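Letters A, B, C and D mark the chains as written, and numbering starts fresh at 1 in each.
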Amino acid sequence: MRKSAKRIGILTGGGDCPGLNAVIRAIVKTAENDYDIEVVGFLDGYEGLIENRFRTIRLEDVSGLLARGGTILGTSNRADPFNFPVLQGEDYVYLDRSLQAIRNLESLGLDALIAIGGDGTMAASARMLEKGLPVVGVPKTIDNDLWGTDITFGFDSALSTATEAIDKIHTTAQSHHRIMIVETMGRYAGWLALGAGLAGGGDIILIPEIPYDIDSVVDQVRSRNSLGKNFSIVVVGEGARPQGGDMVVKRVVETSPDAVRLGGISNQLAAQLEGLTNLECRVTILGHLLRGGTPTAFDRILATRFGMEAVHMVARGEIGQIVVLQGSDLGSVPIRDVAGKQRKVTPDHPWIKTARSLGICLGNPTNVPLEEYLRN
Amino acid sequence: MRKSAKRIGILTGGGDCPGLNAVIRAIVKTAENDYDIEVVGFLDGYEGLIENRFRTIRLEDVSGLLARGGTILGTSNRADPFNFPVLQGEDYVYLDRSLQAIRNLESLGLDALIAIGGDGTMAASARMLEKGLPVVGVPKTIDNDLWGTDITFGFDSALSTATEAIDKIHTTAQSHHRIMIVETMGRYAGWLALGAGLAGGGDIILIPEIPYDIDSVVDQVRSRNSLGKNFSIVVVGEGARPQGGDMVVKRVVETSPDAVRLGGISNQLAAQLEGLTNLECRVTILGHLLRGGTPTAFDRILATRFGMEAVHMVARGEIGQIVVLQGSDLGSVPIRDVAGKQRKVTPDHPWIKTARSLGICLGNPTNVPLEEYLRN
Amino acid sequence: MRKSAKRIGILTGGGDCPGLNAVIRAIVKTAENDYDIEVVGFLDGYEGLIENRFRTIRLEDVSGLLARGGTILGTSNRADPFNFPVLQGEDYVYLDRSLQAIRNLESLGLDALIAIGGDGTMAASARMLEKGLPVVGVPKTIDNDLWGTDITFGFDSALSTATEAIDKIHTTAQSHHRIMIVETMGRYAGWLALGAGLAGGGDIILIPEIPYDIDSVVDQVRSRNSLGKNFSIVVVGEGARPQGGDMVVKRVVETSPDAVRLGGISNQLAAQLEGLTNLECRVTILGHLLRGGTPTAFDRILATRFGMEAVHMVARGEIGQIVVLQGSDLGSVPIRDVAGKQRKVTPDHPWIKTARSLGICLGNPTNVPLEEYLRN
Amino acid sequence: MRKSAKRIGILTGGGDCPGLNAVIRAIVKTAENDYDIEVVGFLDGYEGLIENRFRTIRLEDVSGLLARGGTILGTSNRADPFNFPVLQGEDYVYLDRSLQAIRNLESLGLDALIAIGGDGTMAASARMLEKGLPVVGVPKTIDNDLWGTDITFGFDSALSTATEAIDKIHTTAQSHHRIMIVETMGRYAGWLALGAGLAGGGDIILIPEIPYDIDSVVDQVRSRNSLGKNFSIVVVGEGARPQGGDMVVKRVVETSPDAVRLGGISNQLAAQLEGLTNLECRVTILGHLLRGGTPTAFDRILATRFGMEAVHMVARGEIGQIVVLQGSDLGSVPIRDVAGKQRKVTPDHPWIKTARSLGICLGNPTNVPLEEYLRN
């Protein structure tokens, strides 16, 4: 290796997400093409950095990677450098191994680390940064709830998969006069459910940000039936909850214990709706289908831009920052500002307004303005 | 209407299935083009015939129908003419309304009925035939378990959807070093799980016809790990069961009650595998995703051929028969021979042999020949 | 009809585009849900308005429309109200029928017209507006070259189709060691070619905005070969042209007349590249494949938002404006400002920078900065 | 390597085809799993065998290969061992290098060669067999015209791609009231055009086996228009030709030289149809799109079965045979019986009958029975 050449490390952390490989490819291509920098990939997120498991990634290794889902580096969504499991005898002890991570980076002669990941990875990166790790972040989440960036790669692909699933389920709903419930991921934010509900033609969309009133849901189903449409599509984010929370769930448990045992908000909702509407309900939980597969064209371009920009940031010395997209422009914000925050759907978001103008039920009574409903 | 013109009725019964609309289209086109026959569609399967709910279907009504999933006639999978629910006061009474169905057909001047459906619809049709209903059958099932025909439309589409789902889940399995369990439909027969397992590159395939030995499953996972492949894809038909049946399930219930409460064979299997392999498991249940969506090219051609042939059979007076595919040729067999029977995966089926030659685990110990294992 | 109710007209003009039906659906749903306005659809763009061919579109007519490509209203890309063909005897005369269009709108009691279309439709609308037609515009183009809006619906779908096509062609290029040329639409602007080239992993991207230097293209192919990659993917916008223009084309015509007779920039380029590199070239022209099919989730949401906003604009009296997207917010600009202008790829657009950082050849010598190259 | 271990060679020849990689994977897995045989892959078809370019393919090399289009071994569709180009000075001489191929196989200690390819590869293999090469064949063609087998892998995938393309083009045809011509591959046999025409809802299907009468085509377009359907989809196999052949083409050349210069039967047809119907025509040539991409589930299973069976055939000593599918069973026939023959669409094929029952125009006058028409 030439003496002057730089080397950087990269890792992918958190849950799987379409576009991770595209980011890796863009990093390697930009590093080679613009800067003649060598790229070392740590395996399985921060785990690999701590345990010194890595491989050099060359141009030929990223050939054909753009269209492939997943990450060739592997990932882990539980590796916390400050509380890291180490086998001692037959049991695990949890140790602060943050310094080990930094030493490994140094001993490999790496000038910086690009950490590609979601909320958890950014939280770890923010703390590692304080410890002295020269890290640059690339945001990743299919849930689109990362603070600081308008959108992240992976979301459009997950949205596309969810929409195709709703398309498939539509014909069955219509043929059978059923209520079909489709549950997307999204524990804290409703972006996926709201987006897929709009794109898939959902009649009712329930998201974590708007606790739902079961009566509003039933009203929508009945109002459709009265118009001769004897089926309904309900799109539910996994974090959706009924208004009144625990008490409502308790009542459902008492009246239909079997359905509730199945767990998940969708199964509870199905039990309630069957009882209240006398219509058959069927539940489909999309789950991990949303994390895999080839990224959409949109996500491939975005992931490529993020990967490229991360290398430019390292080259410009913008350590401690995370790449973001603001409007259609790339920018960056401090990692510590991003960590631990979530971007949620606001009551006046354009998508919410669109849903309401189209007559989609969002789970609140239509005669109460959304803002007022949410205040109560 | 011209005096001499013939009229036939059609209905679609049972669960939703890609290709139903393509059959309807082919019937209407063939009836018009070859015979100048008018087609009347009953709504919601036998329910519509009994309750005299119908619509005339003309050429212009079937435009654009070939590619659309579902059925424009609606369907019902619970309408039994011999035990049909009728509202009396506030309760339902169940009556034998088979004669009403026949009278409705006659009063509309229909020469025959083409019933498109699965096992349940064919069972009802066989009994209606004895009562005097001039019925011709078209077989339909995504499970491919209908007796008498090599294959039915809908199966290839469901297989395609299941395979795409496994493709998506593959990248996540690899990135996370997990066991991913994908459950397909198929309560009685393993065609879907076996086909999707072969096409999606499953490492373990569990089907109802081969009660599985959990140790064989664990061996396969471990053997893959020892080769450096620290993930496995398990494809499970919903009717799959462990060897020893109830006792095994009981043991799982005792050791991991939470997982079992989630119900479904896949969740039980996940609980067992996590315990035995120390690897994370994730379950995806494809369910109704397999019933919807646009049919594949293969299914569109098959559904079109079936629809056309059914009209020719009516024209030739082959009442009481069901269209079948034998090799690549259309044929017909008596409906009464088909009703109530199921086509299962046999131990020497070519797909089973293929799976074994490729080293896929089918849930039995590899040192015991499959035939012998199944005898025990 | 109730006395107070409002009515609005809509039409779709210009080439086919994924999302047109989604706009129509959103207009009808918003009009009904928020304002109780009735919607009348003119057939085949301005042709229908002039010839008074129309149909009322009700809620039930837009069911299932979200996912369907094309437009249920039909379209025409040659209807100019000011120069409109009318049959006289056996020949056509071209007449100014703009006033007839306005009278038809008035006689149907329509308060406004929503015109959904591209450059041509907006040019006609701008002139009709001067004549007194109360028109609101919705921008539409798969080429993404409409001035005033960051993006229009249809582009993401076309990009997705083009990217899938490049994915398919990739494997063949690799297996056969060939140069594969893929031509996208885009007569004036390179958005589709540039986007699909980035998303599909093109090695060379040629767009109308950067006249290409054939030597740079050949250098890229050779440089790839020297790295052991004996295939190349060239993505070409249909409006791409060689530097020096006519003279270069003339030389190609003289040396390989057969290839040139096939027409199209891609076939000329293939003839040149085969001669200069001694590698086989194959051309695929995507053409109309890019205009059809179900819209992507992204386009469905965007088309829905545009349709909704157009109704709100009518309700707010913002006549003469066109809906636009700026960043992630809806806005509006005067139609007359948009008509006749095109949004082109600029030399410093982020996508251009991304392409260059990744080492993609854009058709100019890499040692000359793009800005300087374009000045010459 | 253990002394007793066997080794076999494999190669892929001819045009690219979805499923080639799936065959390679199945061969390697079966060889390893059932026989402990090592597999050596020659690069670029017979070229690699002659030039001794090869690589060992192990289990880990075929991971993830099932879903990937193309062939990791590369292919060549011009390598004839009996007339093989060798550079001498600056020119090529063509030599009989068949013996060299056999010597290379022997010197690598290979017991047999599995040749995966189409007509050309099988013709070469038949001659090599006579020379003493122990070869087993696996049939491959997207055109489905290989003699001896009911179907080959690749066809279902190409059919699927062609059908999706027709789906996309359908909406544009409808929206614009145009005649849309879609040209599929298929120089000698009409399987792809006929299948895609049936599956995509084509109104007119023209295949090489039935020289078309332009008047019949025009009649169909007019008859559709008279029913209010002012668009038509024409699916054309690339080998389709007008009745009367040369004379008809000559007449077209004289009347619309520009269109004809564009070459291809579809462009000629478009020129004729525009003149005769006064409707706009648009042509889309699918070409290489049909050769690439991930194989369908159907093709993955078929390719896997073919690969597995080829290894079993080697193990059983069935040298000189080619794997075939007859009905749903695997079998084999002598390679020499297959070479040089083509399986064409016969006038009484079920698909032809289906097309005619549905009222699809096949290019002959409907009042003349097809058999009689073809006799003239």
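Things to note:
Heads up, the rule we're going with is that contacts are C-beta pairs under 8 Å (C-beta built on N, C-alpha and C of every residue); 3 or more make two chains touch, one makes a residue touch a chain.
Predicted model only: the values in this text are computed from it and were never measured.
Common partners of chain B and chain C, by the touch rule above, are A, D.
Interface of chain C with chain D: the two copies contact each other largely through the same residue positions, with over half of all numbers used appearing on both sides.
Distance between chain centres (mean CA atoms), chain A to chain C: 31 Å. Distance between chain centres (mean CA atoms), chain A to chain D: 42 Å. Within chain B, residues 167, 170 each touch two or more of the remaining chains.
According to the touch criterion at the top of this document, the contacting chain pairs are A-B, A-C, B-D, C-D.
In the complex of the two chains, the chain B residues touching chain A come out as 12, 15-16, 20, 44, 68-71, 74-77, 161, 164-165, 167-172, 174-177, 180, 261-263, 282-285, 287-289, 291-293. Residues 26, 29-30, 32-34, 59-60, 63-64, 66-67, 150, 156, 159-160, 162-163, 167, 170, 195-196, 198-201, 227-229, 294, 296-298, 300-301, 304-305, 308, 311-312, 327-330, 350-351, 354, 357-359 of chain B are the ones touching chain D in the complex.
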